[in-house]
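Same chain, two partners: subunit A is paired with subunit B first, then with subunit C.
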Partner chain A sequence: MNPRFQQALDGITRVGGVRGAMLVTADDGLVIADTVMEGVRGNAVAALAASLMKRFRRVSAAASVGAPHFLHLQADNGTLVVVPAPNDVLVVTIGSPELNVGLTRLVMMRAAEVMT
Partner chain B sequence: MNDEIAALTDALTRDPGSLAFLELGEMLRRRGEFEAAVGVSLSGLEHHPDLLEAHDLYARILADVGDVDRAWEVWEGILAREPRHVGALKGLGFLSFGAGDLDSALDRLELALAADPTDPTVVQALMTARAAAEGGVPVGSPELADPVFAGLDGAEQGILLVDERGQVLGGGVADERGEDVSEKSAAFLAGAAREAERTARLLDMGYWRWVAAESSGGNVHLSAPAEGSLLMIVRDRSVPSGRLAMLAARAAEAARTWLWEQQL
Partner chain C sequence: MKTTRAVESWTLQPLERFIYDTGARLTLIMTPAGQVLAQHGFTRAVDVMAAAALGAAIFSSTGEIAKMLREGGFSSLNHQGRRHGVFLGGFETRRGRLLALVVYGPDSSLGLVQLFFEELVERLALASPMQDDRRPILAADFERELNESLSSLFGR
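== the complex of A and B ==
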């Protein structure tokens, strides 16, 4: 893995509750780089996160608020966070339901800058 | 549904004493065809004057058309004959709730739950009434502009309730020029919610609770307040995500209250 990518993803996975972090192509949801715990299906996370972001782009456009720069799915047993990065890449994090989303968001924004 | 109404009407024409009037009257009521529903209900009562379910149907229609006093009388009449009648207890609970009498609403609904602990509409209604008693949901005020979110912060715009097919049920969303984009937004919500549900399910995350999307022009919060409905809140970026989540929780309670009233 590109060392810059590795460093960016390591920063995310150091946050408590994070189960995995990855860089994903926005168009087709393919994994560019990932660091995930055993049992986390990286390919599925990537594909679903990209698809979810596409759906919410449509919702946000219809509501006239512009394209999302941060997406947070909260579920009973987990949290999924997506941050778009330059060059049609998404930074995706999956974690526990108690994940510190504020801190995760900060490190994901930093990771997104790596893609410039 | 038109086929079902036609079939039930045929059944009643063939046999005016048939109990099909109960189902037909209820269907017409749910469609908002109150005049026809009243006719079917009264005709049924002529044939079955002692049938409490017929009186209950008639009272529900009266409540829908705003004849609260008569609805109250009919439901009280039912309880005089059957003190544990769930429909009448639920109906009086609803009327008390609408009148702002939360103590009576809670009393009636708790009795209804004791009579039938398996009725999900009673469980939902009781949860809503308890939330209102704790100050979470505005009660009464049915005459305000938006029947779903009256009394909530930003009820006039930026809160949208839609059904699972993307049809607007209440509230509204406007763009930065003030133009109504409710229908346009609603059209995409069902697909977005399905994707959220699918994502949570396939990633073993359990049931999805909500999705928040932050954009340069504002923040969007999507949740499913009750089965078959979706709630979207849109606010400008000055509203922090935590506050947006709190507002969404209050709007969801209001939506559940309104949806419960529609099911009565």
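== the complex of A and C ==
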């Protein structure tokens, strides 16, 4: 893996409760780089998270509120966080239900800077 | 209007589910020779025949490139355009090797198509009848079989 990507993902996975972090192409939903725990279907999460982000972009465009900067999905057994990065890349994090979302967002935004 | 149709009924449910999951615009399930078993989204027989023939030829050509590279074979390939992508994937069933040709637009993505293609392959493998159940196609029956296939694919 590209050391810059590795460093960016390592910063996210150091946050307590993170089960995996990925850099994903926003258009194709393909994994560029990932660090995920065993049992997490990285390619499935990447494809579906990119699809979700595409739809949310349409929703926010329809609502005239601009492009989404942050997507947080809280589920029964976990948390999904998506942050758009430059060059049509998404930073995607999967975590436990107790994930510190504020801290995670901060490190994800730092990771997104790697893509500039 | 229902636009998913099948010559072989066991392909219909897995294909409908794949279309629902991916939002693909056009899909063909066919043999490597270009004989169509099911289709979604096509409205003209001539388009189905052309797409099937071209898709089978592309897959065959890349198969030859794989041989030159001493690869076992390419399982899938993708052509990406500005607005549409074309995905071609091969897979095994009890009815022998089949191909899927999928055209997807900006509402879908390569990642989604790849993801749900794996599930389509599993469902088709489970649904496929044994090879022995297949009726032989005789030259005398060819035209009638062809007309029946087109009627099934277009509901006419």
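Assume the second predicted complex is superposed on the first by the 116 of 116 C-alpha atoms of A that agree within 3 Å, B and C clash if a C-alpha of one lies under 4 Å from a C-alpha of the other, contacts with A are read in each partner's own complex, and residues count from 1 in each chain.
Assume a contact is a pair of C-beta atoms (placed from the backbone, for glycine too) under 8 Å apart; a residue touches a chain by one contact, two chains touch by 3 or more.
On a predicted model such as this, the values are computed, not experimentally measured, just so you know.
With subunit A as the common reference for superposition, the partners subunit B and subunit C occupy compatible, non-clashing space.
After overlaying the two complexes on the shared chain, residue contacts for A:Leu52 are found with subunit B alone; subunit C is out of touch. Looking at the shared chain after the overlay, A:Arg4 reaches neither subunit B nor subunit C. By the touch criterion defined above, A:Asp28 reaches subunit C but does not reach subunit B. Contacts of A:Ala44 after superposition: both subunit B and subunit C are touched. Look at A:Arg14: by the touch rule set out above, it reaches neither subunit B nor subunit C. Between the C-alpha centres of subunit B and subunit C, as viewed from that of subunit A after superposition on chain A, lies an angle of 80 degrees, to the nearest 10. Residue by residue along subunit A, subunit B and subunit C are tallied for touches, and B comes out ahead. Judged by the touch definition given at the top, the superposed model places A:His72 against subunit B, while subunit C stays out of reach. Superposition on chain A leaves subunit B and subunit C with their closest Cα atoms 9 Å from each other. In the superposition on chain A, subunit A positions 44, 48, 51 are in contact with subunit B in one complex as well as with subunit C in the other.
Only residues 173, 175-176, 181, 184-185, 187-189, 191-192, 195-196, 198-200, 202-220, 222, 232, 234, 241 of subunit B touch subunit A when the two sit together in their complex.
Taken together, the subunit A residues at the contact with subunit C in this complex read 24-25, 27-30, 43-44, 46-48, 50-51, 54.
Remark: subunit A residues 41, 44-45, 48-49, 51-52, 55-56, 58-60, 62-80, 94 touch subunit B in the complex. Across the complex, subunit A is touched by residues 80, 107-112, 114-115 of subunit C.
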